[in-house]
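Naming follows writing order (A, B and C), and every chain is counted from residue 1.
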Amino acid sequence: MNTTKDTCGALLVALTLVAMIVSLYMAFLYAPTEATMGDVQRIFYFHVPSAWVAFFAFFLVFVFSLVYLVRRDKRWDNLAAACAEIGVLFCTLVLITGPIWAKPVWGVWWTWDARLTLTLVLWLIYIAYLMLRHYMTDPERRATFSAVLGVVGFIDVPLVYFSIRWWRTQHPQPVMSGGENSGLEPPMLATLLVCLGTFTLLFLVLLRHRLRLQSLREEADEIQDRLEQAG
Amino acid sequence: MWRAIATILWKDLKIELQTKEAFSASFVFSLMVLVIFNFTLDLTTEEALKMGAGFLWIAFAFGGVLALNRSFALERDENCVQGLQLLPVDRGGIYLGKCLANVVSMLITEIILLPLFAVFFNVDITGRLPYLLAVLVLGTVGFSSVGTLFSAMAVHTRMREVILPILLLPITVPVLIAAVESTAYALGADSDPSFWMRLLVVYDVIFVTVSFLTFEHILQE
Amino acid sequence: MPGDSPLLLARDLTKTFGRFTALRSLSLDVPKGEFLTIVGRNGAGKTTFLKIVSSIVRSYTGEVLLGGKNLKDADEDTRSKIGFVSHESLLYKDLTVRDNLSFYARMYGVPERERKIDEIIRRVDLEAKASVLVRALSRGMKQRLSLARAFIHEPSILLLDEPFTGLDERASEILEEVLAEFKRSGGTVIMVTHDIERGWTHADRVVVFEKGTVVHETSARETSLEAFKNEYRRILNG
């Protein structure tokens, strides 16, 4: 029923809004200032949840792609595409917040450490996914090919991560002090978890909207077709 | 299925023998990459030794993309893909045949490039030659496995072959890292010979299996 | 023969490409040995139907049985019964005439391969060009070779999509001969064409597709070509 869905949707947005306000408060005011890095460390509360959401989104792309290949129902393709788009969005956030944090703390914009490099490669893989979709016109073929890429891409993720990590142990970087998880006191942990939850809610809100957009687009196309046929 | 693999391999190699298009394009391009490295980097002999493995695989990767593109571009003519779709054979067999043809094609380019690389960068390739050749084969198989799958996809897109490197290179990062590390050892570095080699084998198995299983979706309508 | 179950059974075929519906709940039976011609305007679904029957397209709703077996999970045996001729030659430009046939013969597992290849090269009058690259053949010769390609594995059902388009005299002649021979030997044919005259010549039955369904059917033996043409014109304008 439409109204139930709309109510749920509205509730979700309201909840997300509240969660965002709470997160902002906790990240900037409630959480104590980190000993070595100072206030810049607060970006950690946005950097890590973004990474979590991006990874989760790409995992969903994998799942929905698999289901599409089995079921061939367009709705799974829509889901996969939506998750990929949002995943790339959050992945970009990670890649932006990373350097912003790194520069004042370690003096360099970028480190080729395992996690950041993995994020970059992931970003490239899913940008390629979006490009593939963009350059294909046949909807069924596009769905099938994207699904294959979605499966292959995600299977690749652990391979990329471990390769980079083992490669890094052979070519170690100067050690960066004050790693992300050093000294996580309870209030910091609490803030992190709250932000994690907020970003997940944000993901769901965006997903819902993206899916709505897709179905509106399809409706519009259908109406256009009917008008054209009527003459 | 073995019949299908062998026949496709025979066909692709025969066509390549006739046109030499894949070989010439990939060889010349790979060579250019190596030469340009020389101009843009101007390395000392020591530096060349350290980074040589990396250059080699960059050259192989970029040249390889050209060879992979040819693989399905030749099926686009006269809609030969439809001919393949009609055949009463396992799609996986078609994939393996094509993949093998690509591996052979890429290996030929690589083996001819190797001595040239040795000359340009003053690197000794004979020290651990069998090991080096094994790395070439394993690395090429890994690259070509996903490459063949994506090449089949690329042919159906509006960007055609241009999208292949965009799709392929990020995905093959594990293979490239493992291949470069193994090659570094082959060229004289002081490292563990078996670790990255074993990893290459694992990657090859994973990539070939996944590509083999998903290929039928690409060929299907 | 009356009483035999049809070689080809198509039931409720529906196929959409995105928003466009090519076939709507189409049902059609083709008895063994029948020569069926399908006509209709562009976009009526003729080529889509043929692609489904040839097992090239596998995603559709509905059922197609060839010799009793469902085409969707068609095994190798069933698929090797199908021969397909389209206006695209499905030939490799950089292989010779003989090598092209050799490729398809090998893939279909044709026994006594070399002998059959020699035979069929002779049949389509390409003996002189057997070792020539397809790239160097004229269009008519390519079409003859494409015909040979379709027959090399001795199919029991032949599917043709606009086979007469762009054929020269000699190629048309050979195609006519081959079709007549095939029909005489009991083969089943489904031909899609715009050329009503040619389509009529060998046909047992002619069927008109319009907007993804069968809108008219007539026996080519019992009706005159003129009568059919009038009816067809009426359908196209109506």
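Here is the rule we use: contacts are C-beta pairs under 8 Å (C-beta built on N, C-alpha and C of every residue); 3 or more make two chains touch, one makes a residue touch a chain.
None of the values given here were measured: they were computed from a predicted structure.
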Chain nearest the global centroid, as defined over all protein CA atoms shown: B
Pair sharing more residue contacts (C-beta pairs) when A-C is set against A-B: A-B
Chain located farthest away, centre of chain C as origin (C-alpha): A
CA centroid of chain B to CA centroid of chain C, Å: 39
Centroid spacing, where centroids are CA-atom means, of chain A and chain C in whole angstrom: 50
Inter-chain centre distance, chain A versus chain B - centres from mean C-alpha coordinates, in Å: 32
Set of chain A residues in contact with two or more other chains: 138
Junction residues of chain C - those touching two or more other chains: 59
Junction residues of chain B - those touching two or more other chains: 220-221
In the complex with chain B, residue positions of chain C that touch it: 51, 54-59, 74-80, 82, 84, 86, 88-95, 99, 103-104, 106-109, 133, 149
Residue numbers on chain A that touch chain B, as the complex places them: 69, 121, 124-125, 127-128, 131-132, 135-138, 141, 144-145, 147-149, 151-153, 155-156, 159-160, 162-164, 166-167, 170
Touching residues (chain side chain B, partner chain A) in the complex: 146, 149, 153, 156-159, 163, 166-167, 169-171, 173-174, 177-178, 181, 191, 195, 199, 203, 206, 210-211, 214, 217-218, 220-221
Interfacial residue positions of chain A with respect to chain C in the complex: 72, 138-140, 221-222, 225
In the complex with chain A, residue positions of chain C that touch it: 17-19, 59
